[in-house]
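You will see subunit A twice below: alongside subunit B first, and alongside subunit C after that.
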Partner chain A sequence: MQGNSSRRGSVAGLPAGSGSALPALLLVGLFFIVPVVALLLRSVTDPEPGLQNYAALFGSGTYVRVFLNTFLVASVVTAVTILVAFPVAWMLAIMPPALGSIVFGIIILSMWTNLLTRTYAWMVLLQRTGVINRALMGLGIIHEPLPLINNLAGVTIGMVYIMLPFMILPLVGTLRAIDPMTLRAAALCGASPFAAFRRILLPLSLPGVAAGGLMVFVMSLGYFVTPALLGGTSNMMLAEMIAQTVQSLLNWGLGSAAAFVLLVVTMALYAIQLRLVGARRTGGGI
Partner chain B sequence: MKLILTGLLAGLLAATAAKADEMAFTSWGGTTQEAQTKSWAAPFEASSGIKVLQDGPTDYGKLKAMVDAGNVTWDVVDVEMDFAIKAAKDGLLEPIDYAVVPKADLDPRFSNEHAVGSFYYSFVLAWNKGAVPGEPTGWADMFDTKKFPGKRTFYKWSAPGVIEIALLADGVPADKLYPLDLDRAFKKLDTIKSDIVWWSGGAESQQLIASGEAAFGQLWNGRVFALQQDGTDVGVAWNQNLTAADVLVVPKGAKNKGSAMKFLAAATSPTGQAKFAEASGYAPISTKAKAEMPADAVKALPDAHVEGQINLDMNYWAEHRDEIATRWYAWQTN
Partner chain C sequence: MLLDYDRLGWLRVALVGFTAAVAAFLLLPVVFIVLLSFGSSRWLAFPPPGWTLKWYQQLLADPTWIDAALTSARIAAMAAILAVVIGLFASFSLVRGEFRGRQVLRGLLLMPMVLPVVVFAIAIYAFFLRIGLAGTTVGFVIAHTILALPFAIIPITAALEGFDKSIEDAAIVCGASPLQARLRITLPSIRIGIFSAAIFSFLASWDEVVVAIFMASPTLQTLPVKIWGSLRADLSPVVAAASSLLVGLTLCLMIVTALLRRKLST
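== the complex of A and B ==
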């Protein structure tokens, strides 16, 4: 493994081509690492040095509840996104390329529309007097409007819709790499379609599921607009709480502490996933 | 080469000199800031030659960050009064120069050492006439889900208003509201918690009522005024209307303090206040403004409903802001 590639053109043990990564590293260092360190410092110095912000954070039932709720919402959104995205990704993987690129285009297109616009559109659809409830009541299917907004259902619907492309894209890559002959072989050996899915397709697609799932989960953790507009106060997520703490209450120390804890937990989850699935396979899906 | 450099330098100097005749005004955007631009900034630019740059929306975190960093790019900011009192205490604001801003005609309820009134408004009970049977007459009706079924909408954030509404509905007399009995207020709010839809901005409150998504709610009177102007069938109860105010402040270290004070003088003048009140439906903080307004515009103001009017205690809120907010979010997220 340590053969030609590392010897050729490497400087001080760095792989070839490291130099061209410098601008990106600089960017990340300046605009990510530095602010994160500043955040950490603020959380232990504002308004005075010490751990009082962290004590306040974990001592407050509100923050703990909002933390738990944030992880609950992110988990539900990730699970539903995987379920919805899998069939689409599979369809894309086995479609003729010409047709596939059209469907692909439609999926990507949704990402080009403003997030706020899309979320407001969901409000119009989901509210009690909205299109969905009116149609269902008009058809006599329901007599009372369904509570589709200002609760977990609303947040889940709105966020799954936004997260779908981030799940579909890595999944298609993984599924395309699977040799269709393996499924045919399974069928020839007498496996039912479900058995073939469960024992062949699903295990082989796991790296893609894991990569997409992690991306969706992490993005969901920090989401602001959609939960704020489609959720109720009992589903308040951390980003909204932090914004309120910083902007309105001007308690920057507490806000920084909350943001830092979220960051640490997210990174820990990422590390655990790397352990379970392996960095190579996780990355390999994309 | 030298010539070019000198030319450039001269140009730069001219540019900075031109900048001295500029100032930045920050408010909440939407119809309110439009009315402020039209009623205050435009005439002020014409008379003083000082250009007023519009920015927004107001963001308390940003204001504090600017002052802390010593790089203040806002010269006049429209803020809520309870915030202004707290911000002054935290050293974030310049004192108002009352040698430049005439004080005689200002409503003393809404001006102090570090802030001068912008406008005042009332929280009123508004309802969608198609969605509510009969006529609600006071805050107690918003807690009577039998007589008035349907969703009700309240302001989402911890701010003067909802706590007082709950206490009034529970029978606390207006003159006994403060100090606020938070336990009692939250207990009362618990009785309708599942029927509440929260609004977090003015446009959202209008949308909720106009669509009937919420049958009725606690709205800013200017927003109800705008709905009625648009021909929406909305009822309004002025009984127990709750006044609060926005004030204009100058952040500590503002670069164009001199221009800012002159702007404040124009904005709080009877004419500036009259024009803004007519455009927005919010009440003037200059006692002489109403004389300059058409009679029917005066009728739409909270001023026309002083009977049963209750002043929210901004000093009490400034003092207990954090404590109430902690309780508020704990209750809300539970």
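== the complex of A and C ==
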């Protein structure tokens, strides 16, 4: 595979073939690594050296509640996303292509539509006087408008909507890779559809579910826009708190400390995810 | 028989029904926003009492919306070009380089996609405040190029991995210089990867909200920042009109992508 030309391109003193990565490395090093490290240093030096920012973060009921709420929302969103995505991915894996491509088209359209546009649509749809409440009242299912926005329900609907493509698309790949013969064999041996699902289809697709679920969980943990617009003040999430602490309160020390906590948790979960899918296949549906 | 579409029996009815419901759920906000933008109700009543184009007229008559859209397009175009060029060079090294730490380098270059954007946003904002790039076009382009880089590297490395390098070597044996061989043999072969990279990096910048909220100044704001501001103030139907135009743009982009892919792959 490796020919001579890749060596010819090497710059003196650099390992073979690494030279052309230099611009990217410089860019990421200077404008990504340096600022992030500087921010983390700020969490232990601003306003004075010490761990007071972390003490404030973990000592205050308000901030601890933000942490807990962030994990709660991310867990609920992940669970709902998996439950909704699995049957859809299952059908997409085996549907006739003509039918499947319509569903794929809709998934791509929703995924590529501007994030704020989608969130704005949900803000209007879920309002007290919005279409959903009116439709439910018109059908006689409810008599009072349901509180669907500025609470956990609103955040969950909005986030599940955004996360679904990230779960469905990789899962289709996992399900397509399962040999249908294994299930035919189970049926021939007398397994009921339920038993075949529980003992064969589900275990075989579990690595894909776990990898996708973890990705959705990690993305949800650090999400800013949707919780800020559809969530309430009583269930603020970590990303919004970080932005607010820095932007409105100008408390850079505390904001940096919270950012560091988010970074550590995200990176730890990401490392687990890499183990699950193997370093090669990162990047989800692209 | 769970993976045989024709033999699912009653289960198929249930699962197809569920899939159709989810597809409707995914389509609902997109269709809704387009319908809403033509509705005459200032208070976003739906179904609207009448139909109108006045929100589009207001939108197009407002120079701040036009400015924001042009700013977004300019920044996204520059970020996409930079990300694709820098990503292309990096991809050669990531796919063909023979050095230790290649996987580490790959992980490092893809990290901006994994790190929560809000962390990067306040980090780069603080950094740019210090060196005087906050609120400038250059600052915007640099930050968005970093966020777009993984979206350029992933499709290009994938295309490069699928390209048989011996074809390039054959060209060199036949007398082409390594540069000629890469420009005239390798690049045209991986053009679908490069094309996807361009689309994804453009969208990564065009849709980016979080960094933009921090980076924006009163004189320099992108379209998402403008929408964000309007959403926090009130739910004006003008935002619905702007959003519908964005949906139209997405549709155009999807169609162009599908057509170009078909054309490029033949």
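Basically, the second predicted complex is superposed on the first by the 234 of 286 C-alpha atoms of A that agree within 3 Å, B and C clash if a C-alpha of one lies under 4 Å from a C-alpha of the other, contacts with A are read in each partner's own complex, and residues count from 1 in each chain.
Note that a residue touches a chain if its C-beta (ideal position, glycine included) is under 8 Å from a C-beta of that chain, and two chains touch if they have at least 3 such contacts.
These numbers come from a predicted model, not from an experiment.
S.K.: Of the partners subunit B and subunit C, which touch A:251 in the superposed model: first, second, both, neither?
M.R.: It touches subunit B, and subunit C stays clear.
S.K.: Going by the contact rule set out at the top, does A:87 touch subunit B (first), subunit C (second), both, or neither?
M.R.: Touch status of A:87: second partner only.
S.K.: Touch check for A:262: first (subunit B), second (subunit C), both, or neither?
M.R.: Only subunit C; A:262 stays clear of subunit B.
S.K.: Scan A:201 for contacts with subunit B and subunit C and give back first, second, both or neither.
M.R.: The answer is second: A:201 touches subunit C but not subunit B.
S.K.: Determine, for the superposed model, which of the two partners subunit B and subunit C contacts more residues of subunit A.
M.R.: Counting residues of subunit A touched by each partner, the higher count goes to C.
S.K.: Once the structures are superposed on A, label A:222 by its partner contacts, choosing first (subunit B), second (subunit C), both or neither.
M.R.: Second partner only.
S.K.: Please work out whether A:128 is in contact with subunit B alone, subunit C alone, both, or neither, and reply first, second, both or neither.
M.R.: After superposing on A, A:128 lies in contact with subunit B but is clear of subunit C.
S.K.: Using the touch definition from the top, say if A:25 reaches subunit B (first), subunit C (second), both or neither.
M.R.: Only subunit C is touched by A:25; subunit B is not.
S.K.: Determine, under the contact definition given at the top, whether A:117 touches first (subunit B), second (subunit C), both, or neither.
M.R.: After superposition on chain A, A:117 lies in contact with subunit C alone.
S.K.: Taking the two structures together, which residues of subunit A meet both subunit B and subunit C?
M.R.: Comparing the two interfaces on subunit A, one with subunit B and one with subunit C, the shared residues are 127, 129, 246-247, 252.
S.K.: Looking at the complex, which residues from subunit C come into contact with subunit A?
M.R.: 1-5, 11, 15-16, 18-19, 22-23, 25-30, 32-33, 36, 44-46, 86-87, 89-90, 92-94, 96-100, 102-103, 105-127, 142-143, 145-146, 149-151, 153-155, 165-166, 168-169, 172, 178, 181, 196, 200, 203, 206-207, 209-210, 213-214, 224, 227-228, 231, 235, 239-240, 243, 246-247, 250-251, 253-254
S.K.: If we count contacts the way the header does, which residues on subunit A are in touch with subunit C in the complex?
M.R.: That would be residues 1-3, 5-9, 15-25, 27-28, 31-36, 38-39, 42, 84, 87-88, 90-96, 102-103, 105-110, 112-125, 127, 129-131, 134, 161, 164, 175, 178, 180, 183-184, 187, 193, 196-197, 200-201, 218, 221-225, 229, 239, 242-243, 246-247, 252, 255-256, 259, 262-263, 266-267, 270, 279, 282-283, 286 of subunit A.
S.K.: Looking at the complex, which residues from subunit B come into contact with subunit A?
M.R.: Touching subunit A: residues 59-62, 64, 90, 151, 156-158, 197-198, 200, 211-213, 321-322, 325-326, 329-330, 332-334 of subunit B.
S.K.: Residue numbers of subunit A touching subunit B in their complex, please.
M.R.: So the residues of subunit A touching subunit B come out as 60-62, 65-66, 69, 127-129, 150, 228, 232-234, 236, 241, 244, 246-252.
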